[in-house]
């Protein structure tokens, strides 16, 4: 499309309407139906029927949007204004069935399809981690198998729970089985805590992931970890999936299965920024459970992650 | 059974082990497997996959047990010591599937069957209101259709939600349709707040309920309301179902769909005590969602309701 | 206007998009710019620079909107569906200066003018009580002096504080001085707590108010209080101003100057419903301060008050 | 003393220093060492080593003082300005041993002695209910046995706990045994909840108390209850002891052993005001445990109770 | 003992009973009375009468058990499944006198004796730090003086407070005086914050400790700190005592005397793991005060510490 | 002044009055009016009318004082007892107008003048960051332009907001424009997060600041950062201004505009200690907003910062 570039519609200015005022779209951006084209869409998926411990991530998208009111436009670390470089808009929430996981997966996939097929990249706000699977199904239709960079305390490659194959503990096993993931290029970051057995780790490796344990952040310089990840993903299309519990509970109490010994928000944000050197095709931020949050600190971390992901997208082509 | 009466095993004394110490069975009573016979069992049903708004009632049974530590044995209002009059024991929690409502209903019903068929009455701790249906199915096997006295801000006789027939908004419609409820004798108490349409009310009446609105508690003396309820249930077997949201949010913030304008805990406890003049066969207390509670006040209300229900059972035969 | 009636656009159905999902307009109603005519508008005024103790009511409109997600359409107490009887829409928030009270008053008045002059009645969501003054200025342009029914723990007819004449403690003195209030017809309801001196009360009476103390609700039947209020306002145009601190702190902890000994939410909602027999021209609900709320109980009370006010408007002509 | 009356030093004016500013004496009154004579002293007793469940009342005096910042001077219900009618001052906190109950009792008694013997009446801020005993010991030295009006969910006439005779569950048994209480004139108000056995009640009666159960407030007009209390105490010197758990947990979550079914703050404040017709010699407010409070609502209730007690004292001679 | 090895009874599987369900033993392990032999026992000591600031650690054991529900069995960092390698069981809570420190110390010591003398190692859940003394008394009976590795913001070698020799500020002075500690081998880790005087430090050194200040973690690589500690303890029997306030308040708000500038949970867990190279004979985790916790993050940290301690024990002989 | 040195009056001893007891001056120090000379004064400025997002810092001074109760006297890191080395006293709160920023600035400046001109150094407790400007105006009168070391997530060199030149986002632009700041020597520490545009950064540099981004703390050894700061300020008079939001929200949730990716309290305290090698003339700690704090962790961090600042002053001449 070589038509004359239309200046993207940015957020409402804090000089016109204070940041605590007005409707809550992400970062006070326009809604998707208010702009002619969406370069990157923020898509809420208020679904938490796949959780195994504390529920509540269904309220996650709204909570993150509320915290995103304070985002200002220019990213000095990456030297980019994501809201001017491309049209970012809020695509609202997927209306998905809270009682039937299978049906909800279909609803989410169809919603993702409608955006991705129109050339829109997505930053998905969960919801629990189950939602990564239908998004990856949709992604794979556009890009084939992608490198998944998965920030999480947990592997999320378990098999079944109470006989259910599709839960927040299984999306990456299912995705790998379904061929949605590049098994040479995927990585877990921030893994920690007890697991069921040593077999979990070997199974995980076969599904295409290498783990970078949280404890490595204590001993290894951050830039060396970043290099390792960038090397693994190379020039492949990358999907970044951020379970907010990758952060230590001190930084993200508002989540379903918190695990001590995690990353700081400073480490996480730096890791995210590094993908300006990769080809980021879409991303998600999941498992924000507002009832356990305090003073919005979890939501602020999540909205900052979303902002850095948008900035990364502004630095790189689709 | 005319065998010599065995003295019931009561709670651990606070003089031996302070009330803040020790394992958390309800009221520090013995577990069912520690006594030879259970007259009334406390049965936890940590299930909340049927909720339509705030989840979290899966943590309800544990939270109510924690608050029940402060219960002392003798009930001066009813002049009875329920833990001496009969063997009360904690039957633990039903292990039910968090992902498949239908399967969970079966698990709950089978658990209830095993207790009720042994002559044990139950005080069920939810869990969301969906759990009342399988308990009523089990009750009806023992007693036929029962008079349901339903304390709740909501009617819970809606039909389907997102196509799902079995949710926390529908147990009493389903129960009525299945013939588990005596349609001449059932009653809602504490109803209030907006509904979908006027048809909801007429449909509800056909399902066998009369509503006593919360606003009536402002204008009508409590004893007249009590008389009206007792008259309606008469000498029939009565099942009392207490959704904790019958209380005003001030008294029970820790619930999924709070509704202002509700009952005080003083009114509710008095209402419960009045069933010492009825034939209470079993009961439930549902919709306690700990993540929204403060200083355990919701759990304290729920555990006091449970205690009064036990006292009522101690006053009346099975 | 005898043009063919256009069916009002109602809230998004919970069957299409769960109540915890989607953007937060009040009750999930359309925005004012999405409908052709607005019968009653919900107008947020996120302003709290007039407070003398705990600030934070600037976040009030968003917090009340969030709680209003659970409102269902039909009001069984008044037998009306306000969203079908008239077009209710969310008019968003007034962008007002947080640093200059005088300028903010002008911004609020102009915003109110634009709606009221178009024949739209308003339910204003504060913000602190200062905002009642510019709204009354606008009201008086349409209706002349109105009967003010003021629910509040405090008189709000003080004079100045730190030399400032326009604060949340003074709107009704200023309004009376400016001739915006019918001095034969106004009333405070729920007054309580210590004041500066006995002179406050006599001054208040001269400004046109009679007080109904909170303690009267303990001794006087509610219907007698209602009669007294309705008699005083008669057939005059009525403006209802609800400071959420009229409720006891148990029912509304999330406010700036809570005062023990207040009304229950059940009493307040009944009082509001009684105005279906009066001529309600507009109303406000102010002083909801989210940082002090718990589990949204204050916001739920406020959104229920708003809903009852809308229902009352649906029962009565402009 | 017919010396020319010295005008009492009142609270710092909110017009000079906003209510959220400045040091925290009770109601921003002068400290005892800043005035020449103290008519009524506010005495903090930060002691909670006598509690049997939730501790934390050691932080009670500071928490109540913080909430008392919003108290304004004139009491319209009683028509009195207590800070002008007599010199009220803050006597600070008793430094008492947190590890040795016996020693602490002595420290508290000596502190009370020093004030009472100087003709100062006291409003004591606890601390747990243990502190009532040493205060009563001191009171009895001045007045002989007094009528105790005891607001509490519990009887507090138990005997020993873990062999300890002096705890927050025993002050009134000990006081009665020691002859500090007029056994013809004492009364519990707000009693409720399970007790250890029926014997507790008969023992309590022998110790000189009649109980007015919380449930009576539902059925009996408040004025009849007030009459009953006033009749019982007659013209005797009265000591009012308010355990904040007399309030329902909705009104006072911040306490150690909350009990559902309690009084509202409106009922409690009215009861307190009625003592303007009695001879109030001193009083205490105990069991405020800040860690369990929310938005200071418990502390606000306690500071309002203190204010009404001061107002009552202003209405009546020593 | 060369008798045929009995397979240890492990935790209830999350596949049978969801992790949020069932009674709360530590990690859902069997109770001590349900197994024939206990290799390592979890022993609750709900005692907090020794605290000098915020109380509430009496509720610590139950709170940590609740958080331990999410522990899975296999420790990938240490490559061990502690629940399979040895029989771990929950020994319940010591019933100790809340009013008499001396008596409580005796009760705790006797409880520890009964377990340690049977060859059971202990992980003690406090309670305040006072409880370390009676446990060390019991330990010394089995092992003689031990190397104490003490994680804490504070030295806990003060002398008396209000004349009391046995408080949460003094256990290690008393232990050293009583000869329970190896003065050549003990160490404080995480020390920080103001103290009473420079003498505190020299006195502490004479009692047998060297301090590793929290600030050293900023400048010294973790492995060098670990080496220093392991070198100091050598092959001696080691007792690890973890005051949860060694963590920064961000990681452990739920404690009695929080001190900024502390360790992260990631640092602490790594330190604990290093004892797989030492001879760990028993351990405690103390000062978890639930009323100040948020979203269980303090309890999660404490239960993870307990899990790592168990894993360490599984790696090393008694 | 060579007059015989008067021993400074120190804090009330915790052995006389437990730390949770007594009035709340900072660190339980004497009030300024109780000592003859004040070397360093703690001055509260409860003002928050300059905030653009979450208000509430008006309650900051009281909240920090409450947390400062636990401060003990001797600083082992710096080897100094600040309360013995010089007379530290609490100067109370400035009574400033909450409605008129300009008038409040004058009131604050005059209060600072009165102390600084008497040779007292100040540690100011905010209040929002607006208060730094009048303090700097007063400082400049004594010292001329000073090196400002500004800890903050934000630059605070914006220009106007809603037309207002004096807000919490502008103090350092105004100060630089007014010549109060040494443009060769000032520095921001901890800067991070999105800004309005790249121009903000260049403008900031012209105003005299160099920024040390928070992300540098991940990659650069702390001592190198310290050296850089000390080198920049050299031997000039230094004013340290600490916006508590320089800390990560995990460490300081109780603030108005929290920003993820911040410093830890350990890093901040170490940075502060380094000024023992500079010439610290006064300092402030601002933006503590108690309603968003949890378990006082933000206030504890702020009071520790104040304590380290006092210790630094004790190490260096005026």
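To keep things simple, chains are lettered A, B, C, D, E and F as they appear, and every chain counts its residues starting from 1.
Here is the rule we use: contacts are C-beta pairs under 8 Å (C-beta built on N, C-alpha and C of every residue); 3 or more make two chains touch, one makes a residue touch a chain.
Bear in mind the structure is a predicted one, so any value in this text is a computation, not a measurement.
Among the remaining chains, those touching chain C and also chain D are B, F. In the CA-based superposition of chain B onto chain D, the rotation angle is 120 degrees, rounded to steps of 5.
Of the pairs listed in A-E, A-B or B-E, the one whose interface repeats that of C-D, with over half of its contact pairs matching by residue number, is A-E. In whole angstrom, the spacing between the mean C-alpha positions of chain D and chain E is 41. As a whole-number value, the distance joining the C-alpha centres of chain C and chain E reads 55 Å. The centroid of the Cα atoms in chain A and the matching centroid in chain F are 37 Å apart.
Across the assembly, chain A contributes 18, 20, 52, 54, 58-59, 98, 161-162, 248, 250-251, 264, 292, 294 as residues in contact with two or more other chains.
Applying the touch criterion to all chain pairs gives A-B, A-C, A-E, A-F, B-C, B-D, B-E, C-D, C-F, D-E, D-F, E-F.
On the chain B side of its complex with chain D, the touching residues are 14-15, 18-20, 70-77, 79, 81, 221-223, 248, 250-251, 264-267, 269-270, 294-297, 300-301, 304, 307. Listed in rising order, the residues of chain A touching chain C in the complex are 16-18, 20-25, 31, 44, 46, 58-59, 61-62, 66, 92-96, 98.
Interface residues of chain D, counted against chain B in their complex, comprise 52-54, 161-162, 192-198, 200-201, 213-215, 217-219, 248-251, 253-254, 257-262, 264, 292-294. For chain E in complex with chain D, the touching residues are 48-52, 54-56, 58-59, 97-101, 161-164, 167, 291-292.
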